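Labels for the chains are A, B, C, D and E, by order of writing; each one numbers its residues from 1.
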Amino acid sequence: MDPGFPVLSLLIFLPLLGVVLIALLPGKHTPTDWLVQNAPGNAVDYPKWIALGIALATLIISLVMFILFDRSAAGFQFVDEFDWISAEAVGFNVKYAFGVDGLSMPLVFLTAILSVVAVLVSWRVNLRTKEYFAWLLVLETSVLGVFTSLDLIMFFLFWELELVPMFLLISIWGSGNRNYSALKFVLYTVFGSAFMLVGFLALGVAADTFDIREIRHDAVAAAFLPAPAIFAFIMIAFAIKLPVVPVHTWLPDAHTDAPTAVSVLLAGVLLKMGGYGILRLLFTLMPDVGADADLALAIIGVVSIVYGAIVTIRQTDLKRLIAYSSVSHMGFVLLGVSALGVTGLSGAAMQLVTHGLITGMLFVMVGLVYDRTHTRQISDMSGLAHHIPLLGIGMVFAGLAGLGLPALAGFVAEITIFLGAFESQTAAVSVALTGVLLAAAYILWALQRTFFGPKDDNWAHLPDANHWSEFTIIAGLMALIVLLGVYPSVVMDLLEMGVEPIVESIETVVSAGAGGG
Amino acid sequence: MSDFGFHLAFWSLAAMTIGGASMIMVSRNLIHAVVWLVLSMLGVAGLYLTLSADFIAVVQVLIYVGAISVLMLFAIMLTPRAERDNSSSLKTAGPAGVVVIMVMIATFWVAIDTDWGSVREVALTDQARLIGESLIKHYILPFEIGAVLLTAALVGAIALAREDDEDAAVHAASLQAELDGLEFDPVDVVDPPIPAEPESEARS
Amino acid sequence: MSETIFWAILFLPLTAFALAGVSALNQNLQRRIPEWDPRYPSAFKPIADQFCGPRLASTPLIIALAVAFVLALINLIDSIGLRGLPLDIATHQLFTAGDLTVNLGVRIDGLTSVMLVIVTGVSLLVQVYSTGYMDGDHGYRRYFAFMALFTTSMIGLVLADNLLMLFAFWELVGLTSYLLIGFWFHRPAAAAAAKKAFLVTRLGDLGMLAALILIYSKTGTMDIAEINALADHGAEAGMFALNGLMIGQTAMTLFGLGLIAGAIGKSAQFPLHIWLPDAMEGPTPVSALVHSATMVAAGVYLLARFFPVIHASSTASDFIAWIGAGTALGAAILALVQVDIKRVLAYSTISQLAYMMFAIGVGGYVAAVFHLMTHAFFKALLFLGSGSVNHSTNTFDMRKMGGLRTMMPITFATFVVGTLSLAGIIPFSGFWSKDEILIYAWDNNKGVFVLGLLAAGLTAAYMVRAVYMTFFGQYQGGEQVAPGEHGNDDPSHPHESPRSMTTPLIILAVISVVSGFLTFGGEFQTWVYGALPHPHDGSFHWSWGIFLGSTALAVGSGFAAFVFMHHRDRVRSWGVGGIWPIPEAQRFATNLFYLDALGENLLARRVFYGWIARSSAWFDATVVDGVVNHAWREGLTVAGAARFVQNGWVQAGTISIGLGGMIIWIAVVLF
Amino acid sequence: MIIGLEHYLILGAILFCIGFFIALSKKNAIGVLIGVELMLNAVNLTLVAFSRFSTTEIALSTQVFVVFIIAVAAAEVAVGLALALVVYRNRQTISVDRTTLLKG
Amino acid sequence: MLSDVNLLGPELVLLVVGAFLLIADLFLKDRRLLMGIAAAALLGSILYSAILLTEGHMGSQGFGGVLVVDKFAVFFQILLAGAALAAVLVSTETLQRTPSRRGEYLALILFSTAGLQLLAGSRDLIMIFIALELTSISQYILVGFHKDRWSSEGGLKYLLTGAIASAVLLYGMVILLGLTGSTNLSEIAQYIAWQGEGKEEALILAATFLIAGFGFKAAVAPFQMWAPDAYTGAPTPIAAYLSVASKAAAFAILIRVFFEAFSDDLLADHWKTIFAVLATISMFVGNFFAIRQNNIKRMLAYSSVAQAGTLLIGLAAISADRSELLGASGILFYLAGYTVTNLAAFTVIVLVANQNGGSYDLKSYRGLGTRSPWLAIVLAFALISLIGLPPTAVFFGKIYLFETAVQSGLTWLAVVGAANTLISAAYYLRPVKAMFIDDAETEASDEVMVRPANSVIATMGLVTAGVLVIGLHPGLLINAAEAAVAAIFS
């Protein structure tokens, strides 16, 4: 699909345009009671409306792309490229190249959706709104960039770009020990990306190009660094981002202290960058190493699933609990990847999408509850479903989706991963099955303690969901989760298209290896 | 170069140079140290003569003995007696000794071990003219730059040494800061607080 | 009959769910929104109330179920015509991922037809009953929404043509069970019971999931018919193969055991039975529908569905036979000491389901399904009866009842019908099905037969005890309604329940009597056999010996129980505590054989939560995170301390120049 | 024994090391400058020695170099003394182990 | 001979105008005018360099081979003059404080710049020495120019350490001269190639001393200890100038000496190891010491040590085979990016210090984001660039340099460099946090804002734009750097 028009560039940089607009137009700095803030007669607050408009515009563009996406053609579509840096003499060439394929298209769409959600869920932010919404949009640009870059250096650029808004968003608008968490997030990510950069450069040097489409794994074998080392270097960054045990401890801190919108984006799309990277870069560019590393990946994945879930069970902070559950859920991605088959990889990709929606929704719900109760301690809450039944519905729904209930999105991904990975990773899958039970345990336990149980009159005054933005988010996300649960083909086909070439190259390599001795 | 006179000259001048330098090392009085420096430099000048570098020897005597030493003496005289102490710092002497011994080993090794390819038995004559010609012809640019360098040093030294009105204000404020107790506080190991620098009168 | 009909059966209750959901949402919105948002148009409220009132929750569901029931009946008739052979198999591709193809489809055969009738029929009656029972409850609309969702899931489970779809609906059934048990979520016991039910059944589901994954990876298919054909063929040929793939006996056994694990969880068999008694925290109609007639029967249905698979492995079939027999007896013993009428019925349910389980295990495929059907009717009847009792006494504690036979005659009469049926007294339906199971057990496994027979005797005993405590003797006054709860305001004067409740009781009582006669002529057997890969005509089994033995045992033990209960004061005065002669045994039984304590308190709470999870969390915070934090903190400290090097002396700088240079030289020259 | 290049080189090396030690160890800023002067003298001595014992062009280059070094040394001393003076005015000391306001 | 003078053009402009300023100071009292003249001279120098570039003088040697004008030299001439221009333009406050010494101040900056420019074009040991001393002596004076307690102490320390370092450097040069019999770099190279066998110890000793001397200028650990003191004491524009210009010129001469004179295979292997080790030490020392600094100037001083270490990665890469062009152009590119970035940071520091009465403590940056958002944004942008995050100049610089390391097989060095990015983020983010996140102290927020001079604002705008432009379109600069180094390695 070639629209003859740089639609991807437009998509990616539209949020930056929004940043400019926000910077130019005045912001409202009069804090009002958030309960009556949207009563008629209040002044229009430009930044949030601009942010919403821009986020919606990106959503529409990505939706159009999603629809126009040619489901019969493999490879990258909407490609938009030119030579950015060409230093021929020294072989340092960077392309400005964007494109989407079946793998990235759903993630782009997911990013656009969750950006809208993030803006809406921030509707009641009153502290330095101009900056806040500007940074949110910068974050959107960087994530979109990561998902669409076709050049390693561009990928790295956007990967790093996301740090700045995240650092500021967490440490200015966060809560609790926010400075610590923000710095921890940044340092972990920088640590990973340091290794990633070296890996990228080694790849680029060996292949003489940074273009993802042109790097061949045979070239990697000629690198100074042995290919497994390159793989491991890049894997460090993705493992931290995903995150997997034992480099996961930044995640609970960052989530707990981040503002709701950032938690949503962090869980919803930023973690997905790790999984996307594994599929798009590691397995596409180094299928041979990936095929050798399958057992290691499976083990790491299973450890993340089970250990993450067990640790989750002991969490007493609702946001922390969900954060830890992400560790467990993202372990499924590794497990799916380790299957080395279309089914497993599709499942892993599907897990990226569905977890984005589900955990995004969970964080939205926890955020809305926190807005009201100002506590996240599970022990402080009881019987909230009496006072805020609508939020209760949302929370229970999201929780059930999180534990992998059929007809909701999470089930599809998990079952596909299990079915895909069982044959090659029998033991790993067998152990990972307990994760399903543990997920049910921690989610139901949390629901029981917070929303169910005897009424607590402390919370009698709590307003339920009462603003159009909240209704929109809850209903929208519920609809999407159900849609993906009952009709997963709508994205599964795309993902399958996206992972097929990867699996083909893996199979070629494996059979060549087997044939060669 | 094997005659006795030459030997005598070399060894006595060497002893003078090294001895003078050593005396600087042990001397506790700065003025004495400068005097020993003069002695040492005269020894070096003498050594230049043994190397048939008469022009350089003359320059050495003129500039080092005549100018630099005097300059130093002046500077020392400007400070009170208490500041004319030339003792070594015990804290650094140890590490410094280690470093210097290492340097000595290295330089000796290199001096002795290397084939320097020395060829000429006859000394150069007419040195002043040759040096002058070389300066004008081959090294004209360094020569010019050297002139600028001296100008810069001169101007800078004057600018630093002369006491202007605004400098007085700076000193006053600086002293005031000291009186205000803004002197370095040993407890504050992190960073010495740097107090606000005073506004000069020129700001208006 | 067109496939559309089956989708209609599935989607009718789903639509009702949507409407009930709208109604429930409207209830919450109406209650809340106008308080916060002055812009909310007040004119909207009456309109919304008019169209989205409580009736929107119940009426569409009842209509939907009625229509579905009629459709199911029509289908059953068609099925009879086809002798239970697969009537309609239609499958649609839902999604693919590589080799994996997930389908959504229906498979209609004799088994399905029977199940559809049971599910829609019992559900319809229970819903009608619920309109009376739940009338006035705050969560009325939510209740019907959940019920609608439950019925949908159950229908979907029955209709599924492949294992994955079956599993999906299986899980949804579990979900709705969770929601319904925790319906009164403000009661901590209810919330805890809901969670427990979900988790315990999910533990079993893991086995089923594992089986699903295993069978898919071995055969590449999830289609039920294909799997059954494979198992059936393999059992004869001694070798399993499909699509050119060979499957070992071990894999087949594992597959069977996995399915059995799922069934054990869902049907509350030992050792996963512990959730079912707690599940009685839900509203009584829920217990009637979900925890006796349909959902728990899903486990039996699953094993019946995969009967060839279970019987492809003698390990699996023996396993389930013994588990079932043991559970049947154990649960019956437990039922004997309960004082809560619903708990008696709950343990009875476990026991009866165990009957079906071991029937499957001993090859009594039809018998199991038959018992499933009869049990569904009479157990629903019993539960609804207990609900009716509760409706007027506000309690389920039999010690607070008594003498109700005159005050609630219809309830009494129907309850007694149910009891006789359950106890297996000829000619009530329970007799026919139970007898058939015992015949199969006698033929195949004598040990199981003995256990089953003992359980049958105990069944009569505990039911008679329950009936006696509830309906005979003096009325003990019931219980005052708890503040904030909905119930009978005057429990000291119990009265008969409203028509909406008694009508279903009567209907169910009638069915309980007549449904047993289906066994004559072998028609029923033929339908059900139609679902197997090698359908054959069934026949009516009869054995005088077993008939006489079991009837004598049931009547005898029932009579003994009655006498015992009637003279219990005198019995107590003999110095024997409670019902059981040995106090320790009594305590052992009332503590549910300590299984609950073992499972929940020791394993789940103490070992897992208290020890494993706690130490993992400690490890995570202290070691995994702690190492990083420590490195960071110590790094900062060292960075601060290391600055003494930069101590401000000129010489420090110059020495470092000399030292650095020399170290370079030495290093290069030496190495 | 012939006094050749090596003698002068060793002499220069000794002088350099003494100067270096003085520069590294003296407390007084002017003392440090004296050490630097000795080091420069050592360099000059070495240069002149090379000049004596090698070809004509080198001889010239080296002697020119010596002239430059002497000039630069003078300039350095002048500036150094001026700075020492300023420090003295500010702090009433030119002892380098007491002028440690800037550290850490 | 006249054509030779033409080649000297860029430096000559500075020297002449510098001398003129010394005199003009006596009768011109308007500091803006003086500043303008100095700025014009620097612009003229840049322009002259550009003219030399276009007139096709590339590769011409002048003055008997002591000076060469090639693209490499021109690249540095422009970079250095640019840095000096920025330093001059932000010096308004310093000029105000020293009304009677304005001419000297500006002239010394010009002299020093001329010295650095000459250094970049020198091909003769004597020329190198003189140029280095010209710039050093000017800088000693400039560091102590404020004559207060901090400034004078910094100046004295810089001078004493610098004098010793240059003595050491001289000793190295003398050994080299005595051994090879020439002061010309290419002749030295020839000697080493033909007769270097067996004389490695002496050569390496000379090279070691040269590294010490030049490394001192570049503030490479372990020769870095003067840098924090000198930066902290110096007038802030001078600190900015030192941190970029000195470093740039030092790297220029390191490249020239080591890869024109010492490039023989006999020795090249040693250089690789030496530079790699020095790079590692510098990065760790600089970053580690910077973590706990509360004075922003001092923090940037240590950070400049770390940046020098990063640049050394390039030198190590050149020494390893295969990537001479890449390594050297990497250094040039990184230097340019680092120069604009550091200048941007220092410009803001100057402005903030002007506002709050000369404080460089991190505390005084609290709440800057609300008080003067633009200043805060520029500083934050510069610091983000220094970490190496996009879309900034140093981001690509780092990638480019690490690429050189990877290409030459020094992957471990790239890893070390990348890991140091992590440490550096920990302290570069501290001012960002102070500006945007911490609450302002009460008195600071009430402060009356002084409107900064236009020249400072213009400088800030220019360098910030530079950071952004290089970050967004690095191709131009990379090609320039490539062309520049092609002059040496070809």
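Definition applied: a contact is a pair of C-beta atoms (placed from the backbone, for glycine too) under 8 Å apart; a residue touches a chain by one contact, two chains touch by 3 or more.
As the structure is a prediction and not an experimental result, all values here were calculated from the model.
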Steps needed, at minimum, to go from chain A to chain B via contacts: 2
Per-chain CA centroid nearest to the all-protein CA mean: A
Chain pair showing more contacts of the two, B-C and D-E: D-E
Most widely separated chain from chain B, with each centre as the mean of CA atoms: C
Distance between the centres, which are taken as Cα means, of chain D and chain B, whole angstrom: 5
Distance from chain E to chain C - Cα centre to Cα centre, in angstrom: 77
CA centroid of chain B to CA centroid of chain E, Å: 27
Mean-CA-position distance for chain D and chain C (Å): 96
Chain A residues counted as touching two or more neighbouring chains: 187
Interface hub residues of chain E, defined as touching at least two other chains: 126, 129-130, 133, 137, 140-141, 144, 147-150, 155-157, 160, 164, 168, 171, 175, 178, 181, 201, 205, 228-229, 232, 292-293, 298
Residue numbers of chain B (touch at least two other chains): 89, 91-92, 95-96, 99-100, 103, 106-107, 116-117, 138-139, 142, 146, 149, 152-153, 156-157, 160, 171, 174, 189-191
Chain-to-chain touches, reported pairwise for every pair that qualifies: A-C, A-E, B-C, B-D, B-E, C-D, C-E, D-E
Complex contacts: residues of chain C adjacent to chain E: 635-636, 638-640, 642-643, 646, 648, 650, 652-654, 656-662, 664-665, 668-669
Residue ranges of chain C touching chain B (in the complex, touch as defined): 640, 643, 649, 651-652, 655, 658-659, 662, 665-666
Chain A-facing residues of chain C, complex: 25, 28-29, 32-33, 36-39, 94-100, 164, 167-169, 171-172, 175, 178, 182, 185-188, 190-192, 194-195, 198-199, 202-203, 206, 209-210, 213-214, 216-217, 609, 612-614, 616-617, 620, 624-625, 628, 632
Contact footprint of chain B on chain E as seen in their complex: 8, 15, 18-19, 22, 62-64, 66-67, 96-101, 104, 107-108, 111, 114-115, 118, 124, 126-127, 129-131, 133-134, 137-138, 140-141, 144-150, 155, 171, 175, 178-179, 181, 195, 198-199, 201-202, 205, 232, 292-295, 298, 356-361
For the chain E and chain D complex, residues of the former touching the latter: 125-126, 129-130, 133, 137, 140-141, 144, 147-150, 152-157, 159-160, 163-164, 166-168, 170-171, 174-175, 177-178, 181-183, 228-229, 232-233, 293, 298
